[in-house]
Structure formats: C-alpha cells, structure tokens
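Mind having a look at this structure? Questions to follow.
The chains carry the letters A, B, C, D, E, F, G and H, assigned in the order they are written, with residues numbered from 1 in each.
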Amino acid sequence: MDINNLRNVLEDLQASRLSLDEAVNKLKILPYEDLEFVKIDHHRMIRQGFPEVIFCQGKTAEQVATIMKSLSTHNQSILATRATEAMYTVVKAVLPEAQFYEVPKIIYVKRDTIEPDSKRFVLVLSAGTSDIPVAEEAAVTAEIMGNKVERIYDVGVAGIHRLFAHQDIIQNANVIIVAAGMEGALASVVGGMVSKPVIALPTSIGYGASFNGLAALLSMLNSCAAGISVVNIDNGFGAGRLASIINQMR
Amino acid sequence: MDINNLRNVLEDLQASRLSLDEAVNKLKILPYEDLEFVKIDHHRMIRQGFPEVIFCQGKTAEQVATIMKSLSTHNQSILATRATEAMYTVVKAVLPEAQFYEVPKIIYVKRDTIEPDSKRFVLVLSAGTSDIPVAEEAAVTAEIMGNKVERIYDVGVAGIHRLFAHQDIIQNANVIIVAAGMEGALASVVGGMVSKPVIALPTSIGYGASFNGLAALLSMLNSCAAGISVVNIDNGFGAGRLASIINQMR
Amino acid sequence: MDINNLRNVLEDLQASRLSLDEAVNKLKILPYEDLEFVKIDHHRMIRQGFPEVIFCQGKTAEQVATIMKSLSTHNQSILATRATEAMYTVVKAVLPEAQFYEVPKIIYVKRDTIEPDSKRFVLVLSAGTSDIPVAEEAAVTAEIMGNKVERIYDVGVAGIHRLFAHQDIIQNANVIIVAAGMEGALASVVGGMVSKPVIALPTSIGYGASFNGLAALLSMLNSCAAGISVVNIDNGFGAGRLASIINQMR
Amino acid sequence: MDINNLRNVLEDLQASRLSLDEAVNKLKILPYEDLEFVKIDHHRMIRQGFPEVIFCQGKTAEQVATIMKSLSTHNQSILATRATEAMYTVVKAVLPEAQFYEVPKIIYVKRDTIEPDSKRFVLVLSAGTSDIPVAEEAAVTAEIMGNKVERIYDVGVAGIHRLFAHQDIIQNANVIIVAAGMEGALASVVGGMVSKPVIALPTSIGYGASFNGLAALLSMLNSCAAGISVVNIDNGFGAGRLASIINQMR
Amino acid sequence: MDINNLRNVLEDLQASRLSLDEAVNKLKILPYEDLEFVKIDHHRMIRQGFPEVIFCQGKTAEQVATIMKSLSTHNQSILATRATEAMYTVVKAVLPEAQFYEVPKIIYVKRDTIEPDSKRFVLVLSAGTSDIPVAEEAAVTAEIMGNKVERIYDVGVAGIHRLFAHQDIIQNANVIIVAAGMEGALASVVGGMVSKPVIALPTSIGYGASFNGLAALLSMLNSCAAGISVVNIDNGFGAGRLASIINQMR
Amino acid sequence: MDINNLRNVLEDLQASRLSLDEAVNKLKILPYEDLEFVKIDHHRMIRQGFPEVIFCQGKTAEQVATIMKSLSTHNQSILATRATEAMYTVVKAVLPEAQFYEVPKIIYVKRDTIEPDSKRFVLVLSAGTSDIPVAEEAAVTAEIMGNKVERIYDVGVAGIHRLFAHQDIIQNANVIIVAAGMEGALASVVGGMVSKPVIALPTSIGYGASFNGLAALLSMLNSCAAGISVVNIDNGFGAGRLASIINQMR
Amino acid sequence: MDINNLRNVLEDLQASRLSLDEAVNKLKILPYEDLEFVKIDHHRMIRQGFPEVIFCQGKTAEQVATIMKSLSTHNQSILATRATEAMYTVVKAVLPEAQFYEVPKIIYVKRDTIEPDSKRFVLVLSAGTSDIPVAEEAAVTAEIMGNKVERIYDVGVAGIHRLFAHQDIIQNANVIIVAAGMEGALASVVGGMVSKPVIALPTSIGYGASFNGLAALLSMLNSCAAGISVVNIDNGFGAGRLASIINQMR
Amino acid sequence: MDINNLRNVLEDLQASRLSLDEAVNKLKILPYEDLEFVKIDHHRMIRQGFPEVIFCQGKTAEQVATIMKSLSTHNQSILATRATEAMYTVVKAVLPEAQFYEVPKIIYVKRDTIEPDSKRFVLVLSAGTSDIPVAEEAAVTAEIMGNKVERIYDVGVAGIHRLFAHQDIIQNANVIIVAAGMEGALASVVGGMVSKPVIALPTSIGYGASFNGLAALLSMLNSCAAGISVVNIDNGFGAGRLASIINQMR
C-alpha cells in the first residue's frame, strides 16, 4: 500500500498532475517506516530463518495458541518460551505438529530440514543440576535456530577437575554459554580458559544472599576474564539467541 | 623447562635409570599446568596476536613501565588501560615507541603492520558526548587488537533521528558496541534494528537515581531486544576485547 | 455547620452575649480546617467532576460496597481500582448501576453524559502486551474522569518501526502516558519525539534483574529526554489522574 | 542537501532520465529522517522557542563556549546548566551577552522580549534552604523558557503552618514544582491541597539513610496524593522544562 | 586482683573483721548475672506489670498454648502477637480466660483491674485504613500494658485537613504513634505539630517502589521534624511497648 | 499582630462598622495558622525552653552568623549543629557570648541558669571511640536543652564486661542513647538490660559491608529487645532532642 | 584407568614402541585431572570420612533416592539436606537404613561406629527458638561428620543473662556456631567472650527491615569482635561442615 | 537463691565447714565479669601472645602514639592497623622500637623471639596485584601473632593455571586466606581444592557493578564449595586474626 502510495505520487508527477514542488512536499512527509522498516524485517527473517519468539508468561493458553497458529502460516519454525504443559495441550489442538520440551518449558514447531554446520557448535555449560532448566532454554533455543549444540552439565568450580576433564570440547566450541547460579564463578574460570565468546547466564538458583540471582549476576559482570558478557538472570532464551547469531556469523 | 622436566623423566626411564613404577609415580604428580596450560597461552597469543593487558588503576607509574618494558620484549603489541599522562611519561622514558591516547587513557605499543579486514568492522556507538571516553576505550582496544572500527557518537534516543541517519553503517557492521549512561535505552533500540551481536556497555554517566551506572546496567540487562549482552559499567576494554574476538571469528 | 458555628459566635458578640475577649478566645481555637478546607474540597469536586477514589487492595468486598454506596449518593461518578470480580458481585448487589472493567480491575459508576473534548486527547502507549492491564488502569481512569483516550499497545523499542507507524497520533496527543516494564526504554524514545508532557508509567513486567519494575523505574527517572516525569511502578491510576488534570487545564 | 537529493530524483523522473520503477526504488531507501525529523526539530523550536540545552558537567569550559557560540547564531535564547564560574568566564569572552545565575549554576543568553503570560505561573516550592540551588535550577529554567515563576522557599512539613500561610498563591498556581530532600514529605502535602499538576523534585540534601536522595525519591514515588509525578534526584532542569511545557499548553 | 579481692573479703569474714551481712553485701554487687539479673527481671515485672511477650509467627499452636499456659500461672497479663485464629482455638482450650483481638491478631489474658491513668494517654494515628492492623497491634499492646489509648485512623497527608480536625487530641496526647505505609509522610507532619515523643511505625502497605515498607521507613528516618524515632516495618508491638514505657515514666 | 487582626474584625463588628455577614466572610478566610500555629510555637518555646536549631551543613558562615544573631534577640539559648571552626570565628565576631564544642561541632549560646533536675538524667553510651563525635552531638544537645547527661564511652559488645561494669548508672538512667557503628549490637544488649526508653543512634563508623552505617541501622531496627527506637545514621541532634523531650515529661 | 593410560605410554616407551618425542607429546596433553584430582578426592574421603552431600531443594524425590542409593554403595555415611518428609518416604523404600531428622530436614545414613573425640566439641548457639531449624542443620551436619556437638538455644542478647549462665560450656567449646536472625547481635557478644573460632550463621528469621536475613548478615560481617567469620543466610550445612573441618584439625 | 547461695558459702566458711581455698574456688566461678573476664583476658594474652589491636582510622597520630606507648609497658607485641606514615613518625618518637609495614599500613612492636611452628602455616592467596595491600594486612597480622605465613599473589581465576602451579603449597597449608576483589571467584575454586578452612576475604578492588566489594562479598557468601566462611570487605586484620586462632588450635 505504501509502495503504491509512493508510486501514485510519482505517477502524478510524471503525468504532470503534480508540480515538482508539490511532489517534493508530499514525499517529504511520507511515513518513512512503511517503506524502510518492513524491508528490514524481511531481511531478518531471510537471514536468520527465524520469526518473532513468543514469551508465554502472562499470556493465556488461548493467546499463545492463536499467535502460534498465525505465525505457523508464514514461517518454517516457531518458538514459544516459558510455556506450561497446559498451554501445550491447547496449542497442540490447533497446531498438531507443535512439540514440547518439558525441562526448558518450550513449545516449538520445526519444519526445516537443513542440517546445522557440525564443525561450528555452541557449548552450553551448567554449574549445577538445578541450573539445567535455564541452560536447556538456551540450548534448545540455539538448536531450533539451526545450530549444533553440545552440553556439559554439573561442572561447577567446587570440583574444578570435572570441568577440566572436558578441556577438549571446551577448546573446540565456537561460542560458550555458561549457566550458573549461586556465586557464578564458573563463567570466570571458563572465560580464562578460552579465546571464544563466553555468554554468562546467571540463574536464580541459590538462597539467602544470592538474592534471587543477584550474586551470580554481579559476579559475572565483574569477571576478571576478558571475552565475557552477561545476559539477564534466567534469560536462557537471550543467551541461546545471541549464541546463535554469533555462531552463524561468517 | 617443564617440558624438559617431563623429557628428563622419560629419558631416565628409557635409560633404565628409573623403573616403570618410579616413572609413573613421578609423572602422576607432575604439575599438569606446566605442560598443558602454557600451550594454551601460546595458542592464545598466536591466535589473537595479543598478550595480557595491563589495568593501570592502583599501580604506580614505575610498575606500569616495568611491566610494559618486559612485555615489549616478547610481543608485537602491548596495551595498558586506565593510565594517566604521568604514567605515560615514565613509560615513554623506558619504552620510546609507546604512544598515548588521551581520551580513553590508553598507553600502547603497536608494531605489527597487518591491515585489518576492512569488510568486517566493529561499530562503536555512544548515546552522549560524556560517554565518549568509555566508548573510545572500547574502540581503541578493538583497533589495537587488529580490527577496523567505525564510530558514531552522540546518537542517544532523545533525538532518535540522529541514530536513523546512520542506518547504513549500522546495518553493515559486524559487531556493535553501544556505550550509554543515564537510562541506557540506546542498546535496546539498536538491538531491535539489527541481527548482529550487540555488546551493551553501560557507563557511569548520570546523576541521582542513575546510581553511578546502575540504571543503565539494569536497563540493558532487561532489554526486550534479543542478541544483546552486557559488560560491566565503564568496562570499555572488556567490550572492545569481546568485539574483537567475535569480529575475528571465521 | 462550622460556618454556623462561626456565625453563632459572631451573633453572640453582636448581641453582647459574649464580650470581645471571649469572642477572640473562642475564635482563636476554632478549627480552621472546617472553614477553609471544606471549601477547597468542594472546589475540587466542581472543577474535576470527581470525588475520592477507592483503592480496593486490602479492603473487604463489603467495605468497598459500603463506600461506593455512600459516595454514590453525592457524586456523579465513582471509581474503585484494584478490585476483584468477587468485589464487583457484592458492589453490584447494592449499587446496580456499577460496572466492571475486567482487564484493569476497575469498578465504576458513570452518570454524567457530558462529551469529552474530542480535540484534546490523552494517548496511552504500552511497550508490550503484558503491560496492558496497567496501561488500561491509566486509560480507563482518564476516560471516567472525562477525557478522550487513544491507545496504542505493543510498540516496544525492540521493533521501533511499530512505534513510528503511529507518528501522527503521537504528534497530535495532548498528554502521553507510556507504560513499559523490562528496560522501560519506550518512555525515552517517545519523550524525544514530542513536545508534550510524557508520563512514564513503569510496570513490574519482567524477571531477574528487572527486580519487579525497579529497572524500568530507574531507566525512566534517568531519561535523557526532557518533558518526562515518572509515577510509581504499576500506578496506572496515578498516571491516568495526572493525565486528566493536565488534559483539562485551559 | 537531502531535500535536494529528493528533488534531484523527482527532476530526473520528470525529465525521463529515470523510469517510474527506478524512481520508486531510489526513493524507497531514501533516509526518511533527513526529511521527516528535521522538520519536527524546527517545529519544536518554533513551538517552544527553545533549542537544545547544554549539560555542562563533564565538558571543558572551551567545549561549553564553542557550543554556546554556535547555538547563539541561530537561536534567541540559550541555556547551559551545571556550569561553573570558570566556564562562564570563558563563555563570556566569546559571547559577551551571556549571563550567569550563580545559585543554580546556569549560563544563559536571553534575547527575546516577549512578556510571559502573567496569569499562568509556575510555582516553585522548596522544603529547606539547602534545596534552593536545585529549586532555582528549576525556576530559572522555566523563566528562561518564557514562564512567569513564583517561589516560596523553606516551607518544609516540620512547620507546616509556614506552608499554609501561602495558601492563596498555591491555589492559584498553574503548575507546582516541589523540591525537597530528606524525607520529601512536602510533595504529598502539597499534592493533597491542590488540583494542579505537582512535579516532585527530590534533592540529594540529607545524610545517613537519605542515601543521597533515595529516601526523598521513594517517598515521592509512593505519594498517597494523586496528580504527582517525579523527576530524577536533583534534576531541576527536567522539572523546570516539564513545568514550562505544561504551563504553555492551551 | 579480683581473686585477691574475693580472697580478702573471705579472709576478713574468717577473721571476723567482717560480719556475715557485711560480707554478703560486699560480694552481692560483684556477680550480677546470678544475683542481679533475676532481680532485674523481677523489677521489670513489678514496674511494668508485664512478663515476656510471645511472638507467635513460626511457632505451632501447641507451642503457643503451652507457653501461655505456663506464663499464666505467675503473671496477671499475658500477650501473644501475630497469632492466628487457629492458634487461639488451641489456646482457649487450655486457658479459657484467653481472648482474641482479630484485627491485630493478638491473643491475651488480662486479669488486673487497675484503671490506667486517664490523663496520660497514648495516641495512635494511621495514615490509611490498610494500616489499621499494624496500628491496632500497637494500640492493643499499649492498652494491655495498662495505658489509656486513643485512636485516629485514616488521616493521611493527602487530605491534611482530616488530620487538623483532630488538633486538640493530638496536642493533649502524651506519646504519639504514627502508623503509615506508602510515603510515610504523616510522621513528619505530626512531628512538626507537637512537642511530645512521636514513634514512627512504618507499615508494609503500598506497592511498586514502596519495596514492602522501605520507602516509608527511609522517609521516617529522614524526617526533618525533631522528636521522632522509628521502629521496624510493621512492628506494632515494639511501638506499643515503647509508648507504654514512655507513658508510664514519672 | 494576627491576634490583633482578629480583634480588629471583632471590634468592627461590635461597633457595627461591619455587618454580621461581612465579619463571617472576613474570618472565614483568615489564615488559620496565624492564630493557631503561632500559639503552638510559643507553647513550644515556653515548655521546652528551646527555639529552632540551625543545621549548618550547606550554609555559609555568614548565614549561620546572621541566623544566630537574629535568634539571640528573642531566645535564652541557641544551638547550631554540624558547624565548623571557621563558622564559629564569624559567629563569635557578631555574637561574643557564643561558644564552640569542638568534638560534636556545635556552636551554642546558653544564658539560662536553671539547674537541670539531677535525679533524671540522660545516659549516652558509645560502642567505640570513633562514635564519640556523634555521641557528643547527642549529649551536648540534651545538655543545652536543660538535661543532666551522663556519658559512658567505648563499651562495645566485643568486650561486654566493660559495659556490665557500669550496671548501676545504666539502671538509674531515665533515657538512654546508644551510639554505635559497625554492627550496632550494643543497642540490643542495652535494650535487654533496662526498662527505660532506649534511643538507638547508628553511626557511619565502619567500612566495607557497613555501607556507611546501613548495617548498624538495620541491626538496630531489627533489635529483638523491646523499648528501642531508632533515629537516622549520625543524627546525634535528633537523638539528643528526643531524649530531652522524654526526660522532661512529667 | 588413567593411571593405566599413563602406564601404557611409559611401557610403550620402555619397549621402544614409542620414541622419546612421541612419548613427550602424548604425555604433554594427558588430562592432568584424571591423575591428580581423583587422588585428592580420595584423600578427602579418607581424611574427613565424608563424601559429597546432596542439596535436595530443586530435586525430585526420585533423584534424591537414586543419588543416595548410589552413594550408599561406596560410603559409610551419607547426608542429604533440605529434604522433605515425602522425599524421605521414597528414599526409605530403596535405602531402608536411611533416617530422617525432622527439624533440620536432613536424611542421612550413618554406619561408622567410631566415637567422636569427646574433649573437642562444637557448640551451636541460637538466638531464638525460630532459629532452631537452621541451627539444627548445622548441629546435625557436624554430628554426622563425626563431631561431638553441644547445643544452647534461645540465648539471644535481649536477655543476655541467659547466655552468661552457660559461660562454662562456651569457654570449653572448640568451635562455636552462632545462629541468629533479626539483628544477629549474638555473634558479636559471643565473639567478644572467647578466643575460639566463631562461625556466624545468619538466619532469615525476622520481618520488615530484616530483609530476609540481610540485617543479620550485615551485622555479623561488621562485627567488632575478632575471630568471627560468616556463612550465607540459612546455610546451616556450610557452618556445620566448616566447624567439623576446624574441629578435626590437629 | 543466689544471694542465699552466696550466704551459704560464707556461713560455711565462717563455720569452718569450708576452707578458705574451697570458698575461693566456689565463689570464683560465680561472678564472671569481675573474676572471670579479667582472667579470660589474661588467658587470651597468654594463649595468643596478643593484646588488643589499635584500629587507627579516625584517630589522631597522638592518640595512636599514646595508646601504643601505654600498651607497650605490659605487652610483648603491639599491632596498629590502617595507620599512616605520619602516624608512624609520631609513634616512633615515643616508642623507638616501633616498626612500619608500608604496604598493609601496619605499625607494630614485636619483642618475643619464639619461633612459629614451621609445620603449620597460614597461606595467603590474592587474586590480583591490587588485592595485595589487603592480603598483606592479613598476612602480617598472622605473622605478628606468631604464625608462619606463606604468600601466593596474583593467581586469579582468569588464568587458573597460575593457581594450579602452586598445588603443593596449597595442599599443605593449615589455613588459607583468599583475598579477591572483582568477582571473588578464587575463593570458590580454592575451596573446592582443599579440605582446610578457607577464609574468604573480599576486597573493594573493582569498579562499576563491583559496588565497592559487594560483588565479591556476595559471590563468596554464595560459594558452592563447603568449608568457606567470609569476613568483611577489606578486613585483612579480621582474616589474619581468625587464621591465627585456627592455626594455633591443638
């Protein structure tokens, strides 16, 4: 429509139904975003193979189902995070190909069959077993977005030899996500071992002076190792998406 | 030396100066890191073309000069952040090729003459003019580490058209660093415009309820745009180094 | 009555039932507020067409019903915020004309039929769909107080073109309320686009380092755009009432 | 230039040097902001009679002088906040008509001679004498922007009769700014007395558990009086500018 | 030396240089904890007419009943705060004279029949109706401890004339407790009106940036009025007990 | 004067120079505070023998001198806290009878010669020697306001026998002020020993996690001993004034 | 196995199946931790008589049962903290010798019959009865790890004579754990009485400004008594384990 | 009863049913504060070889000199922390044997010549070079108190091989102090490597979100490794003294 709008003005100018000054004035106030930004949005879908992601928290099962159904008509893959099993039941009814990862609470549709580049993988580490749901949100997000993902869980610094036993895979990863609650020290240790981007993912695991993940968050922000950056507490999706973006850079 | 140590044990075994059990026992307690980690360190230097960086705050000018002199014998480039002009005077006396960037307070030596890949550049944005010293710490760090860097400063969201005027260069950047104090909203806006990694760099610019950068930090951590991660307040070096690591990935 | 009280003293003086000194003493301690402040209160009702508003949280359904019933005898409109459906049932039984807005949880009575000034409208923006209940509390408050209200929801900065598509209505609004959780950046962007008062309304939407709305609150307080002021987290009523006061100024 | 750019494309179309499709394509990617936003900026200047304001903190005296000199060629009035006397000396040398308000630390040029509307005034209240510099930043900002301003200082709630003695002027004000540090209670008391917009301006005055203005800020955000909104701690400029915007609404 | 001191006294007793009573007196003032503290405890009971108070939160109904039963054998009055109705049922079964105040959640026994001094009363003010449970905890505590208590509720500063209507009773109170949540400004206003001790009692009433009473607490600690001191958030018992101690001083 | 104003209206009514309605109207708008509050103020002065106190921080030496000079004409005693020696020099020049307490930084004039009641004394305790300046601000304030004050300093809980050695004076005090920084535990221990009002005065003494007195403040607010209330960090004046008010109650 | 791996390489060298250089290269990258750290782990078990402890929070009953069953095959004692009764039922089914301490919520197996050294005991103090569950977690942990433990509960500083009545046992303890919520002052008082290590264990007991144990935590960190260190809020296990380590040092 | 108890003993003595020594022994254990505490103090001195330590911050050079001079007459060793060189000059004048450690800012006198037990040593680790002053305060404190101390500095987790290179000395230490700022992760890593008490000593080194050591403090409190406890930020003395107490336990 806006393209038509633009075209109409130009046709009027061509047909002398508008003077040059009148055309300049009309176009000067033409809503820019209708031309420019839509194009960017299509660029995004083409480049990343991924549409907008649904954050289910605070939405009803019906709303989630409606949005997923709608997205499913134009996209190959769809991702909904922080979903519940009850939401999944409702989604499944309208979108039978939808699947549910229980641990990270993710509903998804994945139709593309392109194999991820097996030489460039994202590594997801977790300090403890309680950090696994958040770590899995990151891992599954990266997988659905087309990346090979490796996982090493429960390698916290209190028994640092468990981490070092995985030296090889750590050195070969292309991007590393470190999910850790409590004191979050694992991010610094990993950051000191590698020359790859490390995405520190603080979790709210802990009690008392962990203040729901604040301790891990501050610890990671203050890391003495370079090459580390931090996402929000429990933001597995954000970590996974950033890892995917970096991993697919050429 | 440690390699020699290992070799000596093996030679003694070969020459039957040690029994098999004696060799096993000797090697079992051999400090592992002397073998393994030193190698990693050399890997790092080769891959990144960059040795350890000196954080000058809390060091005397003499200490900085001594460390830079020492590093200068084995490395092509040296970087010292948060330096003072007084420190530079002392460093210059012992290391005449050292140079000083006044705005970001960086002393450096750069001997390599390899041209950075001009097609893959790091873009550094700042919201205000007061954020420039921190933004420059990031920009200069990335440059000295061998990256082409573009800068667009003073494009805060209060006048968002200033940002959109640079749409082209933003879309073409490989990695983007966004330095912003006060409410730090620029990171979210940029994160919503691109599909490249955005490193949010909160600065301590502001007053009152900015609480020395806390407002910008929290704002960036809670960004509703995906693909954003955050470094510590005023940590220009960390942002620059991470940008360099990502930009040089293949 | 108090006016009568004052009049009685003066009449007694006039009639020499009181000496001058006795009258001075009586009046010296006369409760001033009974004269002065009641008048102000009536001023308020006349000027704003609106009596005291009931904050239901922490009250029983019966208390809410009693207060609404009582207010209904002297006022044209009544407003009760943070109500529940259960409260509404009890209120409806004693005040059949009461109505309930489910999303913003508002019970109200509106009897006046004066049309709001359609040229001066309040615009309510929300960054996300989860911010809508708080945004609606603001919007409905302003409507019941006699203002025309326009709404544009889900125009967060992560996809800033959605905001710019509404450039016209934004530029024509008389007062703008911006409801946003997470990083709250929308307030700054809007503040930079207009020369009208912008009331920033932080919401508690988010998780982790949003700290229940603190991130959005600090972000909005530190906005680099002028013309912005902030109300408490989730205080949709406060934002709506202030918008109404400003919108009805002449 | 961009207008020229647009005009050139249209001329080329008119002269058949471009086909219709070629023109559509060229214009589709034309940077919108160069057309649209610049116009907005001129709108802003015309409507408010005020250009961008200089925040001097963190700038050198030379930078401030250069910016003021440059702004002075296109604008009637110029305002620089958080200036020092030393800055003023440098500014005065290049811009002799510049003047300095010592208490609020403001350098300004005011050339227009239009009288403000004397019936619509902004009232600035301060709780204590120590809040006066911040209150004056608000008052002088509003004055330079063309508003009549009244001041009542040192009317904190510890002696609330001092406040009530000014009942008349308070009731007649169009917009009220309340500057208060310590517990910031004055904003709530004033907010309960009037039906006009009250801009609460917390100051960093206090010690101990005032935490540099945090106590006053939280107090004001939680005000039980409606019609109050809050700006950042010590942000006298922001309060003054918002007051000016509201006061000049018709 | 103290051993010597002790030995000297004993030698003097042995040598009849000291009588038994003289020795007892000399030694009586050495060891306070076994001699002195029990005495102090009895002093306390005699002076205040009140034994230890039971904080029920975190105790089982059976534990509360057992302690109350036990205390009831040696004391005239017993007080248990933060009780539940369920606890009361269990207590009532073993201690039939126990009574329950529902609003402040207090179980008590009161057997003494001494009338409180009616000229010296404690005044309890609350800013809002939601503050009443905490205010009642303070009021009932003071009453059970033998004080006359007056209450004025819902006199928050947003309608300050409601407070001033009670000027007389406020001026005549001996000690004043001010319970307020949200911004807690009432304490400062009252503190500025009287020359009596004002005990500020912040409540957790509020939302958003009240941070569960922190805003009221900070506000009260920073009060610009003298003669105010503060107890913990929601600590009605502490306020009531302190008021009782002050009110019963002679 | 205001009393005169009132008297004039009444005389005019009596002399029929005003009709009854005219008198009602005149009095209805008479500023109430001129009648009522001034009286309160004089009450205060008579009852407490003390006028307003000057908080010197943020005032110039000249301002302090002017205010003290002015207050000295109508009052017996004057008190200025947080003064500097330089301020004292300026005050001394215009008010030769002014004196300076160096440790608590107090300038004062004390002309009345009434002996304080020696049987009712305020006791000021400090935990450490570094708390003495704040403790002295409290002690001297209470003294100048006409109270007998006893001091026991450096009796922190790390060596609790030092405190118990003063058991007698502690038990005989009428009001107790406990000044303590670091962990502030002394207030709880003293509160558990006595049945008198204990005013907890947190100081900013400490480092690290004392967060400038926050640790002591929170500790005192959470005291498990009843009868304790708290003033702001370092608010020696507030503690002294409250102690004086309580100590002079009959 | 890894020892075998090492031995194989050495045997191959000895048997000339590998050259010296080949052996150096193979061993240079041998995972160190497989040799070194496992040995440390066995050391730990031998020295402390205790394997890894299970933190049940966030685990399913089945997971807890599986881990306990698995640990039970190689260890004498097993400890699981923060368990529920429901978890215990599941564990009991697969591990009948498991027992449950209800107050501290600990499931354990203890098979060793070695008597703890009765002369070296750990003393656990609690300030209130509500602190007992956390205190018991510490006490039972130390007991199961082979230490004699004495308990003194409900000796908070509000009645400090209760503490002093236990002077003897306090002086004879080898390590002291002090569990306290609210203001946490007990740790400082005990720390000032003894020359033994005092482990301060803040609990989340309290309300209002205790901020879930923050007040106690800060208080303990700022203790003016030396010899005190602090563990996380409610971390009874950590305190018990550290006490055990210290108590078993020789 | 206690009075009776006392009287009984005295009567028994008088009646020769008790010898003088028996009476002394019986009474010696009653009054702890005069008998016991002084004894404890002497015990402390004998056991630890150390009197009270002077915290110089906030004291004048003269006060420090006076206290040190006074302590020097009764003690073998004296320790003053947080001293300045200027203080040392004044102390030296009156106490010529005093010496000054510049890095940790400690003035001390050490006269005893007893060699520390060389088999039991305290190990002090620091993460960075900037942590050395705090680490040295801990190390020198432990040394002056009679312990052998080993130091390993600059072994932060960003290059964890530097730490592992010192595996031997770490495993042999009796008590370990870990001084670290920034993210403080070193404490967790060390805690996971050893079975000895680890005293975590957070330092204020860092910037931005380190919030003056808060990040390191929280990180250490939340350590997932057992056997760790924490002292206040920058409290090197406290860490050193606790390490000394533990190291000298038998």
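Operating definition for what follows: a contact is a pair of C-beta atoms (placed from the backbone, for glycine too) under 8 Å apart; a residue touches a chain by one contact, two chains touch by 3 or more.
Keep in mind that what you see is a predicted model, and the values were worked out from it rather than measured.
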Going by average Cα coordinates, which chain is farthest removed from chain G? D
Determine which of the two chain pairs, C-E or B-C, is joined by the larger number of C-beta pairs in contact. B-C
CA centroid of chain B to CA centroid of chain D, Å: 39
Report the inter-chain centroid distance for chain B and chain E in whole angstrom, where each centroid is the mean of the CA atoms. 59
Go ahead and note the Å separation of the Cα centroids belonging to chain D and chain H. 55
Note the residues in chain A that touch 2 or more other chains, in rising order. 32-33, 36, 40, 159-160, 167, 193, 208-210, 214, 217, 221-222, 226, 232-233
Can you name every chain pair that touches? A-B, A-C, A-D, A-G, A-H, B-C, B-D, B-G, B-H, C-D, C-E, C-F, D-E, D-F, E-F, E-G, E-H, F-G, F-H, G-H
Enumerate the contact residues on chain C facing chain E in the complex. 31-34, 36-38, 40-41, 57-59, 63, 202, 204, 212-214, 217, 232-235
As the complex stands, chain G meets chain B at residues 3, 6-7, 10-11, 13-14, 20, 23-24, 27-30, 32-33, 35-36, 39
Note: in the complex, chain G contacts chain H through residues 36, 40, 43-44, 47-48, 53, 164, 167-168, 171, 174, 193, 195-197, 199, 217, 221-222, 226-233, 237-239, 241-242, 245-246, 249-250
What does chain E use to touch chain C in their complex? 129-130, 160-161, 164-165, 167, 205, 207-210
For a test of understanding, state which residues of chain A touch chain H in their complex under the given definition. 127-128, 156-160, 182-185, 188-189, 191-193, 206, 208-211, 214-216, 218-226
